[in-house]
Structure formats: structure tokens, C-alpha cells
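Starting off with a structure, shown below.
We call the chains A, B, C, D and E, going by the order they appear; numbering starts again at 1 in every chain.
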Amino acid sequence: NEKVIFGTNWLAQAEHGGYYQAVVDGTYAACGLDVTIQQGGPQVAGRPLLLAGKIDFYMGGNMQQAFDAVAQDIPLRVVAASFQKEPQVMMSHPGEGLDKWEDLKNADQYIVGDEGAQSFLLWMATEYGFDVSKRVPYTFNAAPFIANKKSIQQGYVTSEPFAVQKEGGFMPNQFLLADYGYSTYSTTIEAMQETIDKRPEVVQCFVDGSAKGWYNYLYGDNAAANAAIKKDNPDITDEQIAFTIAQLKKFGIVDSGDTEKLGIGAMTDARMQDFYNKMVKAKVIPAGIDIKKSYTLNFVNKGVGLDLKK
Amino acid sequence: MSMPEPSRPVLDPEEARRVRQQRLERIGRWVLPLAIMILAIWLWDRICVWNEIPKYILPRPGLVLQTLHDDAGLLFSSLLVTLKITFLSLALAVVGGVGLAVLFAQSKWVEMSFFPFAIVLQVTPIVAIFPLINIYVDNQTTKLLLCAWIVAFFPILSNTTLGLNSVDRNLLDLFRLNGATRWQQLRLLRLPAAMPYFLGGLKIAGGLSLIGAVVAEFVAGASGQSSGLASRIIEAGYRLNAPRLFAALILISLAGIVIFLALSLVSNLVLRRWHESAMVQER
Amino acid sequence: MSMPEPSRPVLDPEEARRVRQQRLERIGRWVLPLAIMILAIWLWDRICVWNEIPKYILPRPGLVLQTLHDDAGLLFSSLLVTLKITFLSLALAVVGGVGLAVLFAQSKWVEMSFFPFAIVLQVTPIVAIFPLINIYVDNQTTKLLLCAWIVAFFPILSNTTLGLNSVDRNLLDLFRLNGATRWQQLRLLRLPAAMPYFLGGLKIAGGLSLIGAVVAEFVAGASGQSSGLASRIIEAGYRLNAPRLFAALILISLAGIVIFLALSLVSNLVLRRWHESAMVQER
Amino acid sequence: MSQSEGMSGDSGVPAADDRAPLLFLRNVSKTFSTGTVALRGVDMTIRDGDFLSLLGPSGCGKSTALRLIAGLSTPTSGQIEWPGASSRSDIGFVFQEPTLMPWASVFDNVWLPLRLRGISRAQAQPAVMEMLERVHLAGFADAVPRELSGGMKMRVSIARAMVTKPRLLLMDEPFAALDEITRFQLNNDLLDLWQDQRFTVVFVTHSVFESVFLSNRIVTMAARPGRVADEMAVSAPYPRDEAFRTSVDYAALCRQASTALEAAMGTNAEPQHVHA
Amino acid sequence: MSQSEGMSGDSGVPAADDRAPLLFLRNVSKTFSTGTVALRGVDMTIRDGDFLSLLGPSGCGKSTALRLIAGLSTPTSGQIEWPGASSRSDIGFVFQEPTLMPWASVFDNVWLPLRLRGISRAQAQPAVMEMLERVHLAGFADAVPRELSGGMKMRVSIARAMVTKPRLLLMDEPFAALDEITRFQLNNDLLDLWQDQRFTVVFVTHSVFESVFLSNRIVTMAARPGRVADEMAVSAPYPRDEAFRTSVDYAALCRQASTALEAAMGTNAEPQHVHA
């Protein structure tokens, strides 16, 4: 079996469940891949490893960086989108006058990480009038948010609300950016053009395997995958995993919209163009990029794994 | 004018004061730092209570201690991982720092030519160049060591260079007069003379290599079971498990203090017989 | 036995050699470092070419230079922001480091009691305690300064403490004999004697406060226009704009080298007249 | 105690036993932690206005004794008593090594004791410059120590010790590094000053001639363990001048002191120290 | 040049002008960057086997002259020539200050010059211990410098300079910190050794007596600018002993040297230096 390394952009967690599932239940192996998952972390920059050919696939955050890569002349392509919706939410304290999306911009502080400040915050500023100078960095610790009732904070719908509820004792308001027009795909699978050209079968196997993995993880027996996740990241709890899976399903992060017909991983030119236009308007990304170079639809939209959904 | 009675041992007041002071000092030397430490912890506790600081922001010391006890297995095995990197990188920093300093001491040319590179290493943020390291270095431990080393070696280099140049000029003349080779001059004169400076640099580097090990792990990430305290801190922060986060921080602090004390002890033992900074003044 | 001819000025071979060497040295002092630097840059370029390293991983120096030129406005205004924090935090580190060292020099008790806190500050990862700082400090500049200060103050503290304790014992006796107050002893004896050590610590802290300013910005972030080089690096990294990232890194390195040279100059000026490390040996 | 108390005769110097004792050394011993017994059972009385010379072989504890007297060191056993209790704080000390502040100019080094007593640079200027003149270094006021010769450094140290006009002057081989002519000059200067101002001097020297010329009492010490071997009074009247230096009395006294010193060195016990 | 060359008479010392010159100082001047003229126009010839004393007031450039001869310093103008070219590397130097390595034991300090010539501790042991015996410090072989008295440190420095039995021995006031009896002993020791082994000595001293007792030539220097004021031969035959010390000849020679020194100091130019 061909050895393949997939780099994630965070410590192992249920958001990576599909891939772990495909590793532990032999889905990748079935089409000839021996996949190793190399977990990332908050300060770990994994993408350069992909660029240097040290890993074969990388878990991208959203489409924006794929567009950036085209702008920088980097032969990097998104081959599948595991998440149909960006799971990014903005959270606020209930009952503090920040209960509506339109009010969020009035918060004292926006606690947003470096990547967010380079992407969706800029979009929120253009589209909804947020004030970027109120941003303070998010160091992946929600204490400052809990402490400051007038602040809002970014978070993954699958995890931060859980931590806030557990330690802060309240369930924060959650505003899924995707619901307000942040139309990017998320948790993509990125590969170098060279891999696509020279080893298309490997890419196809990985994309298909991942899709099947996600179906199995969400709708089948995911105990072994969770065990693998916990092995890589001993700090994670069952409670947290359960919460994540519930949220993924509740918000239709992985499986909603186009995937009903095209299968998990689906992407369409229309969505891509829509997101790009929004980003150009927000001046996040310059106009004139040939975004077709940033992704390929060759490996997705084939309905793989639809049969696994019970 | 009254003559002092010669029969009873007369302690003049100054002398008596000094003896008292000495006795006090011997006790105070250990009791006072402990007392202050306890006071600080008590203050921490009071601040938490007075300001009603919730435990997910700043847990009370009792809770942290409790966590330290409950999570001992996890935390101490992580501490060991971190300490391993710390000591290895400190050793490398000593070798690298002293080695470079010796090289630089050979000639002003060499120093002027290569010191800039040392400064570049010192001021380059690891976070920024880690991707490069990550690409070209395969072994995880090597990556961590490299990062921690970059953080720790400069004080040793800088202080040792200073020390090697702070040699008594008359002694240098003496060596020259006796036709000492460069190597003899270095080994018998410059290195011993640089000792106090080197050991000063070592004390700085001790803490830096610890923080270097932690930062390296922050940046490089670590996988699976063998992860050090940095991973514990990140994860605990992410999960808002403040007590564990602070327990980990306290372990790091304690490790730092112990390393510093150990290096101070070494320094004292080495210099006790001749250097002012470590000599016990006989009076 | 032949007598030397007294008429023509006889330069014995050793003397001639020395004169030649001196002349060479004066030229080499500036030419050689530059040559080595150019060589290093050339090597960098060759390595990129030989190994066919794509520009988005390690751009060739020419491209970086080009970017430095093209993005000059953006980068230099960021450099200014970073330098502002650097110098402020270096100033604070001097005040804090020397202040604490002076405090510690007052008595072994004080030193033993409070040094542990200094070590705790040194070894605590800023990333981990930033949330706390973030909650209790409002002003952005204050946050940055605090972070950079924590990184930079320790070498000054440690070296100055060492220096304050490295005073000639006979001079101390002289002061005692003349009934010097603590303050006089400090100002007229201990502080001047500690100068070489302090200046050594300062040279280490110079680089550290620069890296501290960068790290602080990494952690504390920056908003809007007033962002420093760290933000540029993060942004360039995120945007996969490697040439700009390296241009920023090179600016940081250059700043580090300039700071070091400036502090070395200060050190030499202060010590030139009396300390071995800076004295020009008259021969 | 007033300075005129106990004056006798026209020699200008009070008789030894009339004058008030300034300090007693009572059975003083000093053992260093290395095991070297620097002093054992030293008894000595120093009277107000004494010019007492300590004579003895190298390593016999002269410097140690001076440090004990100054309070810079404490005896391992025995006591040092100051019945008057007044002068303890008013001591000038010329260390055996120059002990100058390397970063300070000659002027600043000499100014130091005055500065520590709160006297400003301007106020100190006349006194400092006068002392520098005396030691022939007025032209080097702005030099730093490393620009001076060995003898010049020592002269700075002498000037520094005397600039405060202390009640008790402890001098550890102050003139050893000086040529004979400068030495004679400074000897005379010191004697003049002493006769004028009636301070007390404890003077360590290796020169029998110097000790006889200067002092009213000579204590000879023996080495290992350091102890007092002999004490002699130099009864010659003050002022002493070049005539005294060439007198028969002087020669006889020198011979007597030399003999005492030789005797002290003859009784040299076995070297005594504990180094493995 | 062979050592037997030019021997004359039974004094054991070759006549001054017969012996081969070891080095010439030709119109040597030394000005420091501070502006101090330490030496101006010094001409001097040192012959193989000379025992030459430099006598002169403090600060007249004696130490500077020794450093120039040793090659530790270079003249601002003028030349130092070694016609034989052989001995330049074989110099023993007793600095004015002890200049010991503070971290090394007395033994290691004395061993140093041998060690630098590749001689192991065991091989060096007899020579080192013999030198330590000579300076009466055999019992302190394991002490470190700060545990020694001033005179003891200087004796270690003397032992170190002589342990290699150098061809040229430069001594800068080696015995100034020693009591007279030890000093006499070491004077005799040094003379014996010199007569035995025929090395060359340039000896800086402040003691007219010492210079007359030891040397075959005395060069008197004057200060500011430092220059040669007078040169006298001490024609008394070697070996010299206690009898010589009490002879009429000796007294006359001492008087002659004293006069020369006084004359040198009388011609003292104005202090000369440039400090703002």
C-alpha cells in the first residue's frame, strides 16, 4: 500500500472524525492507501509541509487560502470540501444587548484569532460594519470572553460553546457565519498540482475514502475512530466528542445542501464564485484571480458513500 | 576614663550586634523566602476571593494544588518530556555558546564576521522560521532541540565572549612572554578567567532553555503520549481547564527555580575559592 | 658578531610583521564581515537554485530584496512600530532589571526571597498567561510592553546582580571604614563595578527585547494600521506570501544587528578607560 | 581626652605611659578557615598619639593585625577594646595594595573619603589638591589608575588615607614602592604632620631604618604563628631630621631593631598551615 | 656566543666591555596616548651576563623600559635591537605587581612557565618545589593567592620567573614587599645563582643599597620625561658577601649612587602630561 500523510490543522478531535474513521476501519487501505494522520496545533503551520512535499494532503481551513495560493502562483488545489459550511461562529453573552447578529458589532471587544483577523473579520467589517480596531487576539483560551460580558468571540460551533457552557455556566449565543453569507467551504482537502497530475488515483482514493469515512463516522459505529482520536490527544473527553458530533449534525456542517445528491465533499463552481465575489468586495482578496486554478471538481460530486447513510 | 573589666569576656556592642545578625541571617536565609512564598500564595488566594475571580480565569491555589495532585501522573510525565528537552538544549547551548565564544576569541575578524549570524539567530522569531525547520528536519526531538537551542545559546555566547576578553592584561603578557600557544592561552588563562561570566550566562540560559523547550513544543506541536507541558497548557487553555493550566505553569516555575538554584550552586562551588561573587568573606 | 648598521632605520622582522598585521586588521575589520555576509547571501541563493526550492518555501535573496523595495512603505512603518515597543521595553527592562538587582543587593534575605519570583516571570510562557493579562490590562501598548518586558528583563537582572556582588573586597572595606551609607556604597562602588556585567546583560537584553516585542505582538496582536512586523509576518504567512515574510524577517535581523552594534558601542565608550574587555591595549 | 593631657618635656611627644590608651589588643588570635594561624595570643596597647611601627617577616600577620584594629576583621579569640570609644570611626587606612577605584580619576579617588562624609567636589578641592601636591601627583589629578606607575598608585592611596586627617592612621607598607628620596621626603612630611596634629599611627614597614626614624615604639613580630616577639621604645626626641639620621644614636637604635628582628626570625617556628 | 668568552680575572665576572652585547636600546622613546612621555631618547646597551640595576624616582619609566625590553610594548620611536637574536624568547619577568592567576594554587602558578613549555606536573615537581623552598613557601604549595600575604604573593611571582632558569631575567622591584632579612637572603640567593649560571639580569629597585650590592652596572634615570641620567659601573669583585656589605668600598659606592639619584631628581623637569 502506498504511504500517504494527511496533515490536520489542529490537535485530534471529533472534527477530524471522518478521516480517523477511514483509517481505523480500513477504508483507505481498501483502495490502496496507508494513511498516517499527522495532527496540527494552534501555532503549528502545517501548510508549508504540503508545499514542500513532506505531506501529501493538508486540511485547509477555508477557500480563502486556496485563492491566496493562486495569487502567489502556488500550484495548490482543493480537491474536496469535507465541510459544506464554515463551522465558525461568533459567540456573545445572552441578555447583554448582543443577542442579534446586527448588534454584535457594538461589543467592546472582538476576540478573534490571527487567521480570523485576516479573513472573516474583514468580511464582517465590510459587509456588516464591524470595527476591526476592537479586535484582540484569541489565544484559544475563552477565559477573557467569559470574563467580559460585553465581548464577542470566535469559535468553532463544535467546541467553544461547549467549553464556555461547562466553565462559564451559560450557553452563549451562537451565530454561524455561514448563515450570514460567509459561503466558503471548509475543512478542505488540499493537494499539490504535482500529486494530482502524477498520482490521480491516490487523490481519488483519499477523497473517496474520506467521504466514506465521514458517513461511517456520523451515521455508523465510530467507537474505534474516537479511540484513535483520544490516543492522539489524551486530553479530549467523551463528552466533548459527543457534543461535537451532535453539533455537526445539528448545523449540517458536513452533510447538507449539495451533499444530498453529490455526496460528502461536494463542491460547485457557483459556490466558489459567490464566495470569491464576496471576498473581493470585502477587499480581503484582490480581484482578478483565476479561482478555477484553486480547486478541481475532478474528484468529487460522484455521490460516493451515499449508500452508507442510513 | 574607666578601664574595662578584664575578667568577663567583653563583647563590645558592635561585635554583639554582628553575632546576633549572623545567627538571624542563618535562620532567615531559609525561613524568610519560604514565608514570603507562603505569603504570596495566600495573597493570590485572597485576591481570588476578594475580587470574586471565577476559577476558569484564575483558580485559587488550593484548587491548583488539588489538580496538581489529581493529575499528577499526566502532568509529571509531561514535565519529564519538557525537562528532557530543556537539559539537552542547555547542554547544546553550553557547547554551542562556549564553542562559538572560543572561536570568536581567536580573532577580532572572526568575531566581527560571525557575530552577526549569532544575533540573527537570537532575534529571529521561532514561530516564523519554524515552517522551514519543519520541512528540512525530520526528527521531532531534533526540531524541538533546535528551537530550544536557538532560544538559549545567546546569553552563554555573549557572556563568555565578554569573559574571554576580560582577562588581566599582565597575565596575558606573561603568557605571551612564555611563548604560550593560542590553545594554551585559551585553556589555562582565558577560560578560567571567563568562568564567572560564563556561569552568569549559564544561569540566564538555564531559564531560557526551559522556556525554549516550552515554546518549541508550542510551535512544533507534539503528538501523542510523549507530549510535554506545553501541550498540556494549550489543551487545558482550550478546554478552559484553568486549574490544570495553572498546575502546569506552576510545575514549569518550580522547574525553573530548581534549575536556577542548581546552577547557582555549581557556580558557587566553582568560584568559591577565588572570585568575589562567590567568596565567603572571612572577617 | 655583526653590529647592525645604525644609519638606516632597522625594523626587526617581528616588528615589521606586526605593522603589516595591524594594517591588514584595520582593513579586514570591515571588509571581511561584509565579504562573509555577501558570501552567505550568495550561498542562500545557490542553495535555492541547486535544490530547486520553490519561492513559496524559501524565496531567493534577490526576490526578497525586490519585495523589501516594493513593500518598503508597509514594512518600514511596521518596523517603526516594533522598534518603538523594543526600545520602550528595553528601557523598562533596564529600569526593572537594575532596580531589582539593586534591591537584591541590599541583603541576601531580599535576594533569596524575591529572586524566585523573577525566575517565575522568566520561565512563564507568555502565551499561557496572556489571557490573564488581556483581562486585566486594557491598553494595547501596555500589554505589548508587559510581554516584551517579561522576555527582556531577566538577563539584566541576573548579570547586574552578579556584577554588584563582584566588587573588590578591599574597596568594600574602604567604604565601610569611611562609614559609607548603603546608598553611597551602591552609587559610588557597586554600580560602577557592576558596569561591565550590566552592559553584558544589556547586550543580551537588546536582542531579547526585540524578539520580545515581536513575540508580544504575535500573542497580543495588533489592530488596524499600527501593526508591527509580527503582524506582517503572520499575515504574510497566512497569505502564503513568503517573499514578504522573509523581507520582514530580514528587517528584524538587521534591527537586531544594529541594536547590538549600538549597545556594543555604548559599552566600549563607557568601559574604554578602565575595563579589560574594552581597553585598547597600548603596546 | 584632650590632646594636651600628659605632655612631657620639650620633645613635643608625651611620655609613653602618661598618654591615654586608645585601644587594647587582649590575647588576640586569628585563625583562617584554611587552618593558617595568622596571629596567636597577641597583646598590645596602642596609646593616643603613638607612632607605632610593626616590624616582622613576610607573612607574620602584620596586615592581619591592622585589619583587626580597623574592625575589618574579627579575632577568632581574644578582644579588641576601645576604652575611649570615640575614634573607632575615624580611621585612615593605607592598604598594602593600592586598592583604587579603576573607573575613577585620581582626584575622585582621593576625594572619596571626603565625599562619603558629604563634602562636595568644590569644597573638597583644596584639601584634595593639597594632598596630591604632597605626594607629587598634582599634575595627574585627571588620570585614571591604569595610567599610573606602581609607585604613583601607592601615593594616591596614601593621599586618600590622609585627606580626612584621621585620628588613627593605619599604614601597611605605604612607602615600599617608592624610591628612597621620595620616601625620605614623605617620611619627613608624615612626621611633621604627626607632630603638628597629634594623631595616632600604626605603621607596617619592612625597613628597620624607616621604623627607627619615624616611630616612638617598635613592635617586632615573629611568624607562624604570628605573635609579638619584642617591643622597644625609640626614646629619641622629636622633631627628627637629617641630623638624627646620621647620628650615632640612630645607628645604635637601628642595630638594636635589626637584632630584634633577627631574633624574631631565628625563633621562627616550623611553618604551620593545613593544606592537604 | 659562548659563556666563557671574554672572562677576565678571578672575580668570576667578565669585564664589562669584553662581553658580547645582548641588546641595544637606540634612542628609544615612548609616549602614551594620554600624552605622558614615559621615556625620551633612551640609549642603553645590555651585555650578556650583566647584572644591571635601574634606579630612579617613581614614575620615571623603569617599568616601561622593562616592558619594552621584553617586547611587551613597542617604542614610539627608536629601536630595540637584539644582535644575537637568540635570547628574545627566553625571558623571565617579575612584574611590579604579583600578577598571579587567582584561580590556581601556588604550585600551579609557579608551574605555569614550565607547563607552557610542555613539561608535565610530575616532571616539573622537583624544579617547582625547589623554587618554592628558596622563597620559603614550600608549605603553601596548595594555597590560592588570596590566602597569601602581600610579600608571599610577590615571592610566588619571583619563583615563577626563575623556575625556567631564563637567559634574561627582568625584575621590577621584586623585593620591595619583603622584610630586610628575607630580602638579604634572596639577594644572596640571586647573586649565587647568577654567578653560577651567568644569565643576564635587569633589575629595577628603589634601594640604592640593594643596587650596589647586587649589580655590576647601575643606570640612574630621571623623570618626566623618563631618560637616562647617569650610568656607573660597580667595580667591586664578585662573589659579594656580608663582608662587602660592611666594607668602606660599599659605603662609598652607595654614596656615589645616592648622589647620582639625587642629581637625577634635582634635574627633574616640570611634570609633563596632557590631561584636560
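Here is the rule we go by: a residue touches a chain if its C-beta (ideal position, glycine included) is under 8 Å from a C-beta of that chain, and two chains touch if they have at least 3 such contacts.
Everything quoted here is computed from the prediction, not taken from an experiment.
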Listing by label each chain that touches subunit A and subunit B gives C
I need the chain pair with the most C-beta contacts, please.
B-C
How many angstrom between the C-alpha centroids of subunit C and subunit B?
18
Compute the distance, rounded to whole Å, between the mean C-alpha positions of subunit A and subunit E.
86
Would you mind pulling out the distance in Å between where the CA atoms of subunit D average out and where those of subunit E do?
29
Return the distance between the CA-based centres of subunit B and subunit D, expressed in whole Å.
47
At least two other chains touched by the same residue of subunit A: list those residues.
43, 45, 48, 52, 139, 141, 143, 147
Per-residue multi-chain contacts in subunit E, two or more chains:
32, 71-72, 97
In subunit B, what residues contact two or more other chains?
57, 127, 131-132, 135, 168, 218, 237, 245, 275, 279
With touch defined as at the start, can you tell me which subunit C residues reach subunit B in the complex?
25, 28-30, 32-33, 36-37, 40, 57-58, 108-109, 112-117, 119-120, 122-125, 127-129, 131-132, 135, 154-155, 158-159, 162, 165-169, 196-197, 200-201, 203-204, 207-208, 210-211, 214-215, 218, 230, 233, 237, 245, 248-249, 252-253, 255-257, 260, 275-277, 279, 281
Seen from subunit A, its contact residues with subunit B in the complex are 11, 38-45, 48-49, 52, 54, 139-143, 146-147, 159, 163-164, 166-168, 231-235, 240
Taking the touch rule as given, give the residues of subunit C at its contact with subunit A in the complex, in rising order.
54-57, 127, 130-132, 134-135, 219-221, 223-224, 234-235, 237-242
Can you check the complex and tell me which residues of subunit A touch subunit C?
43, 45, 47-48, 51-52, 65, 68-69, 71-74, 114-115, 117-118, 132-137, 139, 141, 143-144, 147-148
Residue positions on subunit D within touch of subunit E in the complex are 32, 34, 36, 55-59, 62-63, 96-97, 136, 138-143, 147-152, 155, 172-173, 176-183, 206-208, 258, 261-262, 265, 271-273, 275-276
